[in-house]
Amino acid sequence: MLTFALRRLMTAIPTLLFISLVLFMVLELSPGDPLADMPLTIPPEVREKIRLAMGLGEPWYIRYVLWLNNFFVTEPMYWIDGTFGTDLADGRQRILSYQTRSPVFDTIGERIPQTLKVVGTGMIIGICLAVPIGVISAYRQYSWFDQIGTFISMIGFSVPTFVTGVVLIVIFSVWIPNDSAFWLPTVYDTGLKVTSWDTFVAQVRQMILPSAVLALYYAAQISRYMRSSMLDNLSQDYVRTARAKGMSEKVVVLIHVLRNSMIPVVTVIALMIPGVFTGAIITETIFKVNGIGQQLLLSLQGNDAPMVLTITFIFAVLIVTFNLIADILYGLLDPRIRYD
Amino acid sequence: MPDRAHPVLQVQDLKTVFKTRGGEVHAVNHVSFSLQPGELLGVVGESGSGKSVTMMSLLGLLPSPPAMNKGGKVLFQGKDLLKISPNELRKIRGGEIGFIFQDPMTSLNPVFTVGYQIMEPLRRHMGMSKEQARKRAQDLLELVGIPDAGQRLKDFPHQFSGGMRQRVMIAIALTCDPKVLIADEPTTALDVTIQAQILELVKDLRQKLGMAIVWITHDLGVVAGIADRVMVMYGGQVVEMSPVKEVFSKPLHPYTQALLQTIPSLRGPREARLRTIDGQPPILRAEPTACPFMSRCRHAIARCGIENPKRRELSPGHDVACHRAEELIAEAAHV
Amino acid sequence: MTDSINTAKAAAAAASYRPPRNQWWDVWDQFRTHKGAMFGMCVFVLLIALVALGPWLWDVSATQTNMRMRNKPMSWEFPLGTDQLGRDILARVIAGGKTTLAVGLTAMCLSITLGATIGICAGFFRRADNILMRVTDLFLALPLLPLLLLMVMLFREPLVQSFGPELGIFLLIVTAIAMTSWMNTARIVRGEVLTIKEREFVLAARSIGTPARRIILRHILPSVLSPVMVAATLGIANAVITESALSFLGLGFPPDFPTWGRLLQDGMPYINLYPSRVLWPALALSSLVLSVNYIGDGLRDALDPRIRGR
Amino acid sequence: ERGADGHVNVLYWQAPSLMNPYLSGGTKELEVASPVIEPLARFSPTGEMIPHLAEEIPTLDNGGFAADLKSITWKLKKDVKWNDGSDFTADDVVFTWQYCTHPEGGCAQLSKFHGVEKVEAVDAHTVKVSFAEPKPYPYATFSGPMQPILQKKQFENCLGTAAPTCTEQNFKPIGTGPFKVVDFKTNDVVQYEANPYFREADKPAFATMTIKGGGDPEAAARAVLETGEFDYAWNAMVAPEVLAQMTAAGKGKAVVSFGTLVERIMTNMTNPSSQLPEGERATVKHPHPFMTNPAVRKALSMAIDRELLVEVGYGETGKPTCDFVPAPEAYAANNTSCLKQDIEGANALLEEAGYVKGADGIRAKDGVRLSILYQTSTNAVRQDFQSMIKDWWAEIGVETELKNVAGAVYFGSDPGSPDTLVKFYADVEMYANNFDGTDPAAYLADFTCEKVPGPDTGWQGPNYNRICSEDYDAMINELNRTADPAARQALAKKINNWLTVDNNHIIPLVHRGAVAVHGNSLGGVILNSVDASIWNVKDWHRVK
Amino acid sequence: MSEQRPVTAQKPLVEVNGLKMYFPIHAGVLRRHVGDVKAVDDVSFTIYEGETLGLVGESGCGKSTCGRAVLRLYDPTAGSIRIDGQEIGTLSQSQLRPKRPLMQMVFQDPQASLNARMSVAAIISEPLDEHTKMSRDEKLARVYELMDAVGLNRDFANRYPHEFSGGQRQRIGIARALALNPKFIVCDEPIAALDVSIQAQVVNLLEDLQEKLGLTYLFISHDLSMVRHICDRVAVMYLGRIVELASRDTLYDAPLHPYTEALLSAVPEADPDAIGGKQRIILQGDVPSPANPPKGCNFCTRCPKVMEICKTVKPALKEHQPGHFAACHLLEDGTAARQ
C-alpha cells in the first residue's frame, strides 16, 4: 500500500508539471486581457505601461519558469516564515494577482475557510441525505419512495443551481417577512466572527441557503450511486449468510450491506472533494460567499492569469491527490484489493 | 440408530412459489420429511430440483418477493417456523439451526474479518462479551481444523483458500451449538482432496457434537460416504426417501435408478458409454398434475400423465413416489 | 395432454427454421415492456415532435419582437405568454428546444463516445492505461472557461466561415462541451472494462483468434453500456446547462438564438414578477433529462438478456 | 454627531479588488476608495467643482490658474489630518504625482498627468502644477475620484516596481476622508470606521460602514429593496419593470443621476471581411463596402426607436439621445432629430441611394448586400437591444447577424483576439462610454486619423470607427487651441454633431444614468455620476 | 469406442517441451521484478493424434494455465510447443491468428465463457466471422449444422445463453470450438460446473465427436472418475509440475507417485460397498503457494512418505515403466511407491 502510494506520487510529479504547463499555455493563449475591466478612457499607451508593470513584457517561458519557481520555492518559504517566524523568503517576489496586486496565496488563504464551511457543509448534508435515501430506495426498490426519490434527484440534477438558489431566495427571503424567524439572509456576511451563541446562530442561518442548494445537488448525485451500489450488494450471497446467522434486518442492511455498498460510493465522494475546494462557482456567487469558486470566477472574468493558474493548479494537485486517496481508500475499505 | 419417534425437525407439505415476470414458478411442491436427532440426511437431485429452495424456505431465507410460502408446516421444537414472529425466527436461525451455503467464495462478507463474522452471532444471540466471543471463535476455528486459529481470526475471507473458507462457514454455522445443521452443497466447489478433508471433519464433528445434519449434494459418492438416509428430489418433489444402503443397492424410483447409472466409477469395469437421462427437467409453471419425471421416464404409463404419484412407504424407512414402484421391483427381481 | 405437447412440438418445428433475426429487435421487444422506459420514450418523442413539428403547428416567430405585446400573461393568442420584448414564449420554447436538443444530444453522444473510447482503451490496453488516465486528470484539472475562450478564439471564425454561423457555432459548442465532459465516463468505463476483460468470454474470443479491436466492439462495448447509459443521462443535463452557461458568457450561440438554458437565464431576473418564464424552460429541461433517464433505465434492462428473459 | 447612527451596509455587485485607484482604473476600486482617500477637489452631480483638500478652486479669475495657461496653483486646507493623526501637506500631493508618473509603476491614471511637467510644493500648503504647454483645461489633475492624494509616509517605499507588492498599503490606504479602512478582503468586503481625525467634527454620522461586493444587479437590488439586508446598492441596473416591482415593496427607492455615459452604435469605415488577409482586415486599406455611404448610416440610425429602447432597457434610468456628448449642459448639443423613428424615411433614403430590395427582402446595390454583423458584449439589456434593432433593420431591408462576446474579451485589448472592441471585426458594434464629466475635449479627440487602430499600432487607438477626415482633424486642432469657454463649447457641439447627426459615424442610442437603490431609512444620498457615486458619504445618516 | 489404442503407433500432434509459465510479481516503489508465480514449471508431454490426454490435479496447480499456454493464450516464459509439426511457442499473436482454427478451447464455466449479450447463433458464428469469408446464409447453414452436431435444437439459435441449462450451454461452447474444424481441443474442466446427469451428456458428446471427427483432446479435470472414463492417458499435476504421467489403466490401477495415490483415495465412491475396503489417505495442510514453492520436491510438505532428500532435491520426471513417467525420489532406487 505504502509503496503503491509512493509510486503513484512519483508519477504524479511529472504529471502535475505537465498539467501546469498546459494550464499555463491555455491561459496564455486564450484571449482576454487583464486590463479589460479598466475604463475605456484610459489611453492605450498607459495600458501598455500597466501591462509592462504587471510583468507581461517578458516572454511566456520566462513567466512560466518564474511562476514555477514562485509556486514551489518562494511560496513555501513564505509559508514557513509565517508558521515558524523564520525569515527564509527574505522579501522575494511572490505570485501576484493582476487584479488585486496582492499575493494570490493570501487571497486563497482568506477564502478557503468560507468555501470549506459552506460547500463542505453542503456536501456533508448532501451525503447525510443521500445515504439513507439511497439505502431505502434500494431496499424498497420500485416502491413509491424509490420513484419519488428518483424523480427528485433527477430534478435536483437537471435544474441548474442558479435557478434553485434564486427560488430559495425568493421563498425564504422575499416572501417570508424579515421579522419572521424563518427569514434567512441571502448575503453571506464574511466578516461575521463566531464569538457567542448569537453570532453562531447568525452564522448557521446565513449558511442555510447556500448549503441547502449544494446539498440538493450533491444529494441528487450521491443518492443515485448509493442506490445502485446497494442494489448490487443486496443480492449477494453473503447477505443470505448474515440472515441465516439470525441477524436482524437492521444489522443485515446497515452493517453488512451498507459497509460493502459504501466502497464505491466513498471513492466517488472522494473524487468529488476537490470540488469542495474550488467551491461552487454559481452558488457562491448567488449568495455572495467569498469562497474560492467566486474568486475563480472573478479572476476568470478579469483575466487574472496568475490567480487562475494558481487556483486551477491547486485544484489539479487536489484532483491527483484525491484520485490517489480514492484508490487508497478503495484498498482500505475493501480488504480484497491489494496493491503490490 | 437415531430415534425415529422424536424428530428434531419435521417438514410437512411445504410449498414454495416464485412470482416472476414470466409467471409463477412452483419450485417446491408438498415436500415432507423429518430429521431425527444426530442423523445425517443426504439430499440429492438434479440441479434445479428444489433442494436449496426447500432448505432455505424452512428458515425463511428466500427473498420475498419473489419467493412466497404457500402452505405447509415446519415443526421445530414444537413450533411452526413458518408462523412464528421474525424475532423468534431470528433466534432459531443461527442459534438452533445452522446453515452452510453452496458457494464459500461469495457467502462470506468480504469486508469483515473472519473473526468478526464468527463472533457476530455469538455476541448477538448469546450475549457474550467480546473476549468470550473471541475465545469461542478461536475454539471453533480450531475445531474445524484451521491451524493458528487465534491469528487467523484477524484475516479477511479472501486470505483463505476455498477449503478453508468453507471451514469458516462451517464454524459460523456451529457457533451457537445448533441442533440442526443444513449444509447446501458444501463441497461442490472444492476439489477432491479438500473435499475429503471436509467430509472427515463433518464426520468428526457429528460424533463430537451430536447434531442432526441435512447434507445437500449432487455427488452420490459423498452421500454414500457419510449419509444415514437419502432423500432424492426431482421437480420440486421428494421422489424417494430411503436409508443410504438401499438407495445404492435397491433404488426404487426410475429417476434414482437413472441417476446412479450416469456416474462413471473409479474402479471396476469401464463402460464404453455413459448412460444419460434424456430430456429436460420440467419448468414448473404450475403445480404439477402429472408425474414430473414422466417425460424422461422409460417406464411411464398413461396414469403417470394424469396423476401425480403420492409418496408411499414400500419397505421400512423407504418411501417412493412412483405409480409403478412395485411392478418395477417385481420386474427387476424377475430379471 | 400429449396432444398439446405434440402440437407444441410441431409449432416449434415449424418455427425452427426462422432465421436468426437482428438482436436489436429483441432489445426493442424488451424495451417495449418496460413501463418507465415507454413513459420516458413518450415524453422524449413528444419533445422531439414539439420541436420538429412545432414550427408548423405554431407558426409564430421566436425572435420577432412586438413592443405592444410585452409581458403578456398566458392567453389564447400567446399560450405561454410573451417576454419583455413581446416575443412569444411558446415559439421560443419550441425554437429553443431545437437547439437545446441538438446540442444536448450531440454533445452527450460525442462526450460519451470520447469517454467510452478512452475508458475502453485505458482499461483494455495496459500500456495505455497510465498515460490515458493522466490525460484524464489533466482534463479534469483544466479550467473550463479559459479553455472555451481559447477554443472560441481559435475556431469560431474558421468554423463560421465554413459552415455558417448556426452550424459553425453549433459544432464549436458541441465539441467544447464534449471535450470538457468526457472524463467521468472514461473513468467509470475503465473500471468496468478492467473487470470485464478478465471474464472468460473475452478469453474465449481470444482463443478464437478475434483481434483486439473486434473483441472491444463485440464483447466489451455492449457490456459497458449500462454505466455509459447513466453517464449519458447525466451528460445531457450537463451539456444543456453548460450550453446555457456558455451563452451567458457570450461564448455560445448568437443572442437571437433561443435555447432552453438561455431562456432560463433570461427569465431569472423576472422570476418574482413572471415566474412562468423560468418555469416553462425548466419544465422542458427537466422532462428532457427525466425522460432520457428513464429511457436509459429501460435500455439498460433491454440490453441485458439476463434481465430481458424475466 | 459623528458615529451616532451606527452601521451602514452598502452593496456593490462588482467586488473591489484593491483600494488604490492608481493601480486599477476600475470604477469599483475608485468607489470603495473614495470614502477614504480624497482628491483636491470633487465634482458635484452637475459637474461643478467642489474643493475638498484644496482651500478653493484655482481659476483664471482668482489667479490660481496662470494666464499663460501653463501652471495652476492649489492652496491646500490647513487643518487636514491623515487618519493616522499626521498632518496632510503639499509633500503628499507632490509624492502622489511622483508615484503615478514613475516610469515603472504602471499607473492607471497616468493620462491625467498628461502634459504635466512638474508638480512642486511651494510651501507646506501650496502646490504648483506646471504644464509643458498651455492647457486650456487644467483641472484634470488632482481632482475627481481618480486621483486622490496618497500619504507619502505610507507609500514612500512603493514606488515603481515595488508598487504592486505593497499589499498592505494598497488594501488599507491611509486617507483624509470621512472613513478609514479597518479590514479589506479582496474581491469581497471592506469594513470602515469613522475617521477620528476627519476635518468636519460632526461627520460622518455612521460609526462604521461595510461595503460588500459580489453577485449581480438583480440580487443587489433585491437585497436593498426586497429583503432589506442592505441600505444602499450601487449600479442597480435591472430591467425597469423588475425595478418597479421591487420598489413597490416599499422598503426603499431608486435614485438616478445622469453623467455622460452614452450607449451607442459605432459604424465601421473599413472592411472587416474575413476574406481579407489577416493584417489587412478592418484596416484603412480596405474601405467598407457600404458603411462608408452616409445614407446607409443615416438610414440605420433612422430605423431605431430610441424611446422604446429606453422603455425596455432602462426605464427611468435612461434617456433617448442623439448626442455623443449629452452632458454637461454647457457642452450638450441636445439634438432631437433622431428621436423619432422613421422607417419609411429610412427606406426611402436607401432606395434613393440605390439600394433596392432583393427577393429575400434584403437591399443590395451592385451586388453588395446590406448584411451587417452586429457585435456587442454579453449583457442582458444589450442582447435585448440587439434583438429589437435587428427587427427594425430588417424592416428597412438590412440583414443583421448578431454576435455577443464576453466582456472580458470584448473590452480587452489582447492583440491576438479577433473579438475585441478595438479590432472591430464587425460592421457595427455597440457599447457605452463616457468621459469624466467635465471637459469633453480628449473624448472628442478620439477620432482623429492618427488614432486609427491597426496592425501597425499593435491594434491600439481609440478611433474604433476608423474615421479619417481632414475636416474632423482640423476641428479637433482648433479645439485644442481654444481656451475661451464659450468658444470651446460651441466647437465641441459642432464636433459632436459632425460625429452624430451629420454623418452618423456614431449612432447614439441612450444616455444612461447611474442608478442606485437605497433603503428608506438611509438619508442624505445624493447620487453622483460625475464623481464617485458615494462621494457625499460623510453626509449620509439614518432617517428616524 | 475402441479400447486402449496402441499409443506408439500414432503420430504426435501436440508436443510440449519444457513449458514454463511464470507470472511475474512486481513490488516496491520501482516495480522491480521480485519473483514469479510459477504456475507451470517445466512441463513436457506429447499428445498423439486422436487420443485424449487427461490432466488432473488440485485446484490452483496450474492445469488451466498449462492448457492456455499450450494454446498461446498466454505468452509462455520458456519451452516449445509444437502443434501438427509447427512450432507455435514463439509466434506473434498476429502470426498465430491463421493457426487458431487448428486448436480451440472449451471452457470450464459455460455461463462465464459465453457472452450473455449475444444470441446462440452469434456466438457460434463468431469464429466463422473471424476466419472465413462465408456469406450470411452459408454461415447460418454452418451454424445449424454445428447445432445439429452437438445436439442443440435449431430453434434455439435465437436464444440467449441464460435461457439454457448448463449442459446445453456447454454444448454451445463446444459448437463454437468445433466451428472451424479444429484438430485439437483443450477442454478446461468442461464438466466441472455441470450437474451429474448432464455431465454424462457432455462427455458422451465429446466422445462422439472425437470418433466422428478424429479430434484430439487435452482434457483438464479434477473429476478422476470422469477422467478415467474418457482419457487414454493421464497426467497428474501438482504445483505447476507433472508428477506422474501414464496410460489410464496403469495410472488408476498402479499409481507410482504418493500424490496420485492420495488423490485417487480421496474420491468418494458412489458404491457403499467399496467404502470399507479402501483406507482413505487424507492429506494434511494446504497446497503451498506457487510463488514460493518448497525447495525440494513440491509435494514434500504434504507427502505422507516424505524423506530427507525430498526436502532438498527436486525429483525429475522419469520413465519408470514403458509409457509410465513419474517424478519421485522413492522410485529412484527402483522401489515401488506402493508397499
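The chains carry the letters A, B, C, D and E, assigned in the order they are written, with residues numbered from 1 in each.
Assume contacts are C-beta pairs under 8 Å (C-beta built on N, C-alpha and C of every residue); 3 or more make two chains touch, one makes a residue touch a chain.
To keep track of the chains, here are their UniProt names: A, C = ABC transporter permease; B, E = ABC transporter ATP-binding protein.
Every value quoted in this text rests on a predicted model; they were computed, and no experiment measured them.
Undergrad: Need the most distant chain from chain B, centre defined as the mean of C-alpha atoms.
TA: D
Undergrad: Looking at contacts between chains, which pair has the highest count of C-beta pairs?
TA: So the chains sharing the most C-beta contacts are A-D.
Undergrad: Quick one: point me to the chain whose Cα centre is farthest from that of chain E.
TA: D
Undergrad: With centres defined as the mean C-alpha position, give me the chain A-chain D separation in Å.
TA: Here the centre of chain D sits 37 Å away from the centre of chain A.
Undergrad: As a quick test, compute the distance in whole Å between the mean CA positions of chain B and chain E.
TA: One centre to the other, that is 31 Å.
Undergrad: When the C-alpha atoms of chain B and chain C are each averaged to a single point, how far apart are the two points in Å?
TA: Distance between chain centres: 51 Å.
Undergrad: Cα centroid separation between chain A and chain B, in whole Å?
TA: Whole-Å distance between the two chain centres: 55.
Undergrad: Which chain B residues reach two or more other chains?
TA: none
Undergrad: Would you mind listing the residues of chain A that make contact with two or more other chains?
TA: 29, 31-32, 174, 300
Undergrad: Quick check: what residues of chain C touch more than one other chain, meaning two or more?
TA: Only 149, 153, 268, 272, 309 qualify.
Undergrad: Of all residues in chain A, which touch chain D in the complex?
TA: Residues in contact with chain D: 29, 31-54, 93-94, 96-97, 99-103, 106-107, 110-111, 169, 173-174, 178, 183, 185-187, 189-191, 285-286, 288, 290, 294-295, 298, 300-303.
Undergrad: In the complex of these two chains, what residues of chain B are touching chain A?
TA: 56, 59, 61, 63, 86, 90-95, 98-99, 101, 103, 106-112, 120-121, 124-125, 156, 158-159, 169, 172, 175
Undergrad: Spell out the residues on chain A that touch chain C in their complex, using ranges where they run on.
TA: Residues 11, 15, 18-19, 22-23, 26-27, 29-32, 150-151, 154-155, 157-160, 162-163, 166-167, 170, 174, 221, 224, 228, 296, 300, 308, 312-313, 315-316, 319-320, 323.
Undergrad: Which residues of chain E touch chain C in their complex?
TA: These residues of chain E touch chain C: 68, 71, 73, 94, 96-97, 100-101, 104-105, 107-109, 112-119, 121-122, 126-127, 130-131, 140, 143, 153-155, 157-158, 160-163, 173, 176.
Undergrad: Which positions of chain D touch chain A when the two form their complex?
TA: That would be residues 11, 15, 17-18, 20, 23-27, 103-108, 110-111, 161, 163-165, 167, 170-171, 183, 185-189, 191, 210, 212-216, 219, 222-223, 226-230, 406-414, 416-421, 431, 433-436, 443, 457, 460-462 of chain D.
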